[in-house]
Amino acid sequence: MLTTDPFDDDKLREECGIFGVTDAEGASAMVALGLHALQHRGQEAAGITSFDGHDFHTHRAMGHVAGNFDREEIISGLVGRSAAGHVRYSTTGETSLRNVQPLYADLATGGFAIAHNGNISNAMTLRRDLVRRGSIFQSTSDTEVIIHLVATSGYRTLLDRLIDALKRVEGAYSLICLTTEGLIACRDPLGIRPLVMGKLGESIIFASETVALDIVGAEFIRAVEPGELIVVRNGEIHSHKPFIPVAQRPCIFEHVYFSRPDSIVEGISVYSVRKAIGAELARENGVDVDYVIPVPDSGTPAAIGYAEAAGIPFELGIIRSHYVGRTFIQPGDGVRHLGVKLKHNANKNLVAGKKIVLIDDSIVRGTTSLKIVQMMREAGAAEVHMRIASPPTMNSCFYGVDTPERSKLLASRMDVEEMCKFIQADSLAFLSIDGLYRALGEDARNNGKPQYCDACFTGDYPTSLTDHEESEAGDLIMLGERKLA
Amino acid sequence: MLTTDPFDDDKLREECGIFGVTDAEGASAMVALGLHALQHRGQEAAGITSFDGHDFHTHRAMGHVAGNFDREEIISGLVGRSAAGHVRYSTTGETSLRNVQPLYADLATGGFAIAHNGNISNAMTLRRDLVRRGSIFQSTSDTEVIIHLVATSGYRTLLDRLIDALKRVEGAYSLICLTTEGLIACRDPLGIRPLVMGKLGESIIFASETVALDIVGAEFIRAVEPGELIVVRNGEIHSHKPFIPVAQRPCIFEHVYFSRPDSIVEGISVYSVRKAIGAELARENGVDVDYVIPVPDSGTPAAIGYAEAAGIPFELGIIRSHYVGRTFIQPGDGVRHLGVKLKHNANKNLVAGKKIVLIDDSIVRGTTSLKIVQMMREAGAAEVHMRIASPPTMNSCFYGVDTPERSKLLASRMDVEEMCKFIQADSLAFLSIDGLYRALGEDARNNGKPQYCDACFTGDYPTSLTDHEESEAGDLIMLGERKLA
Amino acid sequence: MLTTDPFDDDKLREECGIFGVTDAEGASAMVALGLHALQHRGQEAAGITSFDGHDFHTHRAMGHVAGNFDREEIISGLVGRSAAGHVRYSTTGETSLRNVQPLYADLATGGFAIAHNGNISNAMTLRRDLVRRGSIFQSTSDTEVIIHLVATSGYRTLLDRLIDALKRVEGAYSLICLTTEGLIACRDPLGIRPLVMGKLGESIIFASETVALDIVGAEFIRAVEPGELIVVRNGEIHSHKPFIPVAQRPCIFEHVYFSRPDSIVEGISVYSVRKAIGAELARENGVDVDYVIPVPDSGTPAAIGYAEAAGIPFELGIIRSHYVGRTFIQPGDGVRHLGVKLKHNANKNLVAGKKIVLIDDSIVRGTTSLKIVQMMREAGAAEVHMRIASPPTMNSCFYGVDTPERSKLLASRMDVEEMCKFIQADSLAFLSIDGLYRALGEDARNNGKPQYCDACFTGDYPTSLTDHEESEAGDLIMLGERKLA
Amino acid sequence: MLTTDPFDDDKLREECGIFGVTDAEGASAMVALGLHALQHRGQEAAGITSFDGHDFHTHRAMGHVAGNFDREEIISGLVGRSAAGHVRYSTTGETSLRNVQPLYADLATGGFAIAHNGNISNAMTLRRDLVRRGSIFQSTSDTEVIIHLVATSGYRTLLDRLIDALKRVEGAYSLICLTTEGLIACRDPLGIRPLVMGKLGESIIFASETVALDIVGAEFIRAVEPGELIVVRNGEIHSHKPFIPVAQRPCIFEHVYFSRPDSIVEGISVYSVRKAIGAELARENGVDVDYVIPVPDSGTPAAIGYAEAAGIPFELGIIRSHYVGRTFIQPGDGVRHLGVKLKHNANKNLVAGKKIVLIDDSIVRGTTSLKIVQMMREAGAAEVHMRIASPPTMNSCFYGVDTPERSKLLASRMDVEEMCKFIQADSLAFLSIDGLYRALGEDARNNGKPQYCDACFTGDYPTSLTDHEESEAGDLIMLGERKLA
């Protein structure tokens, strides 16, 4: 199977985006727009739950927000002035509707819907205990553990139960909970996954990125702080800090690739960070070429920064098709031998006979980089150099990002010289880890107390990884029941 | 909306049929056939769960068995040598996939799937308590209560937990449970709903009616006894009697209408009972006419018995369309004034100028009887008499049968004379309650200790009706979440 | 593949039913009802075209009328006070939407839609000539030939063009044409296929059978005469007889099996003919048994007639499932060895130990008869006799009925004794051809000038069979283009 | 309704792309890839016809190539070593499957399938005549006229018939015909629509643009010449020039917007033309700003050229969502007042406080330009200037491009100053017509004998416009039959 995303297939993938709103006319329509702006964070499925003061209404669907949540008959059924939604890219196990969020439960305290971005790293262990005590799980999602911890907590109020539950979980979570007690937004103590707060008239909005505020015309107020839990009820905003404070470690890869360039993440413009990365890269690893060519679209801002810093023309040497929204399964056997280029095409007339440097954000498996270099050579490029706008990606992420297992990461089994040979480039260089921190406005990485979670580059994980270490736990998380589509 | 079932719309409806099999090659295919034979017990949805010794596999679908469970891709996914299935007609609340059985849960003791025919009459009360203790319900089905009672039971083995759970529920249940400990079949102490056991080679089969044994070529062994719980495991059959014995009270309406005429219910041929009912009816309420005409198809055996006993020709005065499988929504406004007869048509040439007696099994709302009488008059019948093969239906059923609320039952608000006027017949008569018992081989109803549950005719309910009596409980059973299709 | 119609699979099939109406509020809704009543004449596809005085509106769909033409969004789009419709069972070639009628064309004289019951026996020859002259065919239907003959006719008015076209075709046709010049109904000179006229208020209705008049509450006026062409326009009815008169030869099998028992065909009640057939059969071929048992449902009227004439009890020894509307594909391999009875079940308790005679309408391939006899023997019947309510079916039909090729007809390769052995009955007898004519009120078949088309029994075809005789023509009728679903 | 293409909604749209191949293993799979590369030329529907030497196989579908023609079950049914395909954007009339190409007909000379890019400007007049002579049309497409002209031509061979037909039509056509006589490609005498020829091993390929050759790895040979008709049969290529030669007039807008930047059109690189256009624009209409910002994606090459020529930084001030493949219907009423930006978002952090010039390819209605200018102002831009990479679009196209009616074209009712005010820009300028010709390598437009068809800018149409001038003809082209979906 070839897809229209042959290059993106070789990216790390953010697993989720979340969006919630209170006190809004057409709350669920607003959530649909917000999720559309967050679609890059998860393309597999989406869901919205609304609350009308009495009942909760949910629709979940496989596929994109557009095509599902832009249908009047769907949105008109999601009544109420509060709503929360989720876009998902699933990596492990089953991709079925029962794992699509928001998850919902009828608790003794009332209805409770939850949308989660991140990953609970002791979910399997907690699940085993809960089942022993009589809890029945509906999904294979780690998120459901939080719901059962809330349901069985000994505390009386919903807020106490939720805090009780969160103190038992490890890992990364940005949460939006729709409850009869108000909308609750929360970020784990390390602040690994992003979450921002905005305002539109009377409505308070939470979203994974500021672009989701932009699309509904809302004003960006501030990021939810690591370890902060915010309750919005009857127009009042209450901030709680129920956890023991620790130094924050937000994900550095949000700046490299995940977030949209027009987002403001942890107070910084992603576009300007990526241009600064390009400039650092030019300074660290200059090369004498005719053109600077971005690998579209994620390499473009760094390429502009590189071209500017190096004083070399920026040119579109690779043209991307506009029609890559869905998978294109390569039809038939007869064309398998062809050099199929479903998503990108070389701008032959431009690159023929020229020396070029390609700018890409990262190398995961390296298969795509190889194809791009080959495409440039077939188009007649005289020299093809590659510069990468981040350090080598050497370690898996356990905090809600789909990474191939370690052994499939090119940088975990080759040094830079071998990688260069593998992708058949004339030269290859990566940005240094300190160069990356410099682009983010730091002097360098503080190795004693790193400013970001950069485990994918450094292997320095900020939490323990309970499930990962329990070898037998792998079976536990799967339901015995397999549903046919 | 007019449907192709204008007459059936005015019947009581059985809510469910169940079927389970062990140790069979192609177990799920066999369940599909069995459910097809039980389709008359529930046409809204169907489900099958199979167990392959390690995993459980489930498919549930809205609609008929044919069209869903005859597809190779579905059946081939339901692997394993044991399987259980369910057909459902739902009456209350939501008709969504999450209520379609078998229901499944991952318990600490392993996977557990359950198919239930009947109704738990204290389900709402039990549910409220379970939620208070942290149980999270997935469905609005009363059956899920049993699963949570099993999950949270203090006993260690699955069998003890199931018995513990069943001792807490009131009402009617015939159950088939597919578990890692074997297939478990069980019938409530009163034996309200039917359940039979059969055998095909090495396979043991349980089903609501013997016709489901016939379709797979299995041999009928015996009915599961009231209060009996049978475990089939590794080819061994163990019978348990865990409940305090009480006098049995099987549903009398199975003989009048629910069961297929070719079934053997509680040891008696339904066809011969219905012919005997017709003969009793002729004896009790003879009338001088030219033809005995059945209201097809359920009135036919009684009409044959009536004609034989009365010595009057049996004729097809009403022709039923063969194409009534699905709902036919009356299209357009323009034809609303027409005498639309989507399902039946008068055999005009036959009935014109004749005196006839129509034989039907029961009168529920009476609207259909009125239409049939009118249809016969429009066809030119000289006299139209109506004889009903059961006593007047005056009370709701709380044991798994869809009855209109009491006030909609014609017999609860009119005497026979008023009913006759309402349906515009020349005369109307019902079978007496003792006549019905005589047709079943009894001398009469034993009023001190009735041989059957005949509450729909007599109002004499054999269990307490906890939920029905708790007025506030109505809200509890509904999930707060409403899912859009 | 086993289906829910294992017995019907072994019937001859009528290919079509047609219905048209003028000057009616909600004309297309009325056509939908009429087609529903004619559903037994064709279950594969249906179509309706309406005319609003300016535009024609069409919807065609695979499947039943119910489920397609009872949807408000469909019917409300079929605006206009005139409409015509068609139900189809296709036998040859492709079963695709482009063959579903009414067929439509924009002619120089205006829009023209046609619904056809029958078969043009020189269609392939005519088509070849039309293509040579530049006509482009859209379908593989024989009916389209009529349209192109109309389009290319040298006459000026539509009526002259249609008559010109019909004079060139051979075979059987009952037609309803919706045109800008009015609704035109027409029957071929031999009157092979039926067509009746009815009236409801201002509306004139044409239909294949009177049951379609009954369902909309219309009054039956008369049959359209063989060779008659009726134009209804602006409330006026004009009858034309444009063909050279010949003796009529209506299809005798309409009385034996095709038409519904509640229809009046050529002025005679089908139900009473079938009862008379049963009585003739008892007289010609009596047998000493305990019970007369119909093969449901088509054998029932003849069985009642037989039982009455013979003085033997009529009993339901075979119970038919109500849920046979759609195909049930036998799932899985594991159950192939089982005696699968998806549609019928023996009433074991009744037939065990008894001598029975089964009454069926016809034997086509004989496979079903064999299964029924076996089912009765497995149920314990002491003797199983079979009586058939028509003469042996020995020849194919070329006039719009799906017959297996001659060599597959049991009666074409065995005598009655061999057939009896094949179906494993204790005795077998057929009605004589003169017995059949007697049941229709004739003294006997007039062999010099037969009163009916009985070619399926006698091989005496009333028209020439041009295409059948041109061996090479078989290819011509197929489009070179194959459309994927 | 708002869509994810709010900006593209305000573009002219190419109506079609075509692709054909001979002598290829997996021909239809190759066509699917080629059509995917041409998807920008038509997104509404697609079709492929293959020829296996005996039969033609067709599949047509609404929607994109991906999702329809990448399914194995579809492609595997399209057998044969020759195939042709079509992508379509329809503008007028009905958007139904019967208008989706390739159109097919069984002619006396054998099967004939045709894929057409362009528009026949006397189609309605020809159709009227053909219907009078007995031709029956299946579609409302102008292309079907060609088929009927071929079918009814007096010539004997298919090639003579096709040439005869084409001599009768006016307008623009690039055609690929799949016939039993070989694959035929043809371009109208003026060469208005593009068509190129390529080669891959033994296979000859025709396509609307060279990018479709690139995707299958084929070599570009040359453009099909205006007025040339090429027959490929049994590996031999025959070029015919059946028409009286005229000066060619290829569409100039292919260079401005329609063609992909990586295509070579009429021998010139589209990317380099667009960069040259940007440079001309900078020279003709410079402005003192901080940043040059493209309106993505079509304005990007011109913006790079402009930035380079003007020495001003090129920056991404507008970020385009990647998930714009399908329509996003704005859900609900509640968000209607919001500034919804489904497809683009301002890069606020970049543009705030800056003077910018936006580069776009054209202005059609102007509504989108207004929204973009407003978006930049809301993001805090100090000055917003707009430069357009083509002359004002003032006239409709009648050659296969969807243009709004003249009165809706902003430039047809306002001068540049008024337009500037309308879109609320600080300044607005268009490229001159001579500037456009210079970017194409000409000295200037040759007004006596223009090198291109530039009617959209100049109103100078190279053919007569028969249908447009016949006012009554509008009705003729529509079928009287309206099909419901």
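Per-chain numbering from 1; labels A, B, C and D assigned in written order.
FYI, a residue touches a chain if its C-beta (ideal position, glycine included) is under 8 Å from a C-beta of that chain, and two chains touch if they have at least 3 such contacts.
Keep in mind it's a predicted model, so treat the numbers as computed, not measured.
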item	value
Intersection of contact partners for chain A and chain D	none
Gap in Å, rounded to a whole number, between the CA centres of chain C and chain B	37
Cα-centroid distance, chain B relative to chain D, in whole angstrom	63
Between chain C and chain D, centroid-to-centroid distance (C-alpha), Å	51
Multi-partner residues of chain B (each touching 2 or more other chains)	74
Interchain contacts, given as pairs of chains that touch	A-B, A-D, B-C, C-D
Residues of chain B that touch chain C when the two form their complex	4, 24-30, 32-33, 36-37, 39-40, 43, 64-67, 69-72, 74-76, 200, 211, 214-217, 260-262, 264, 269, 271-272, 297, 300-301, 304, 308, 313-316, 319, 321-335, 338-342, 345-350
Parts of chain B lying in touch with chain A, wherever the complex brings them together	49, 55-60, 74, 77-78, 104-108, 110-111, 113, 131-138, 147-148, 151-153, 479-484
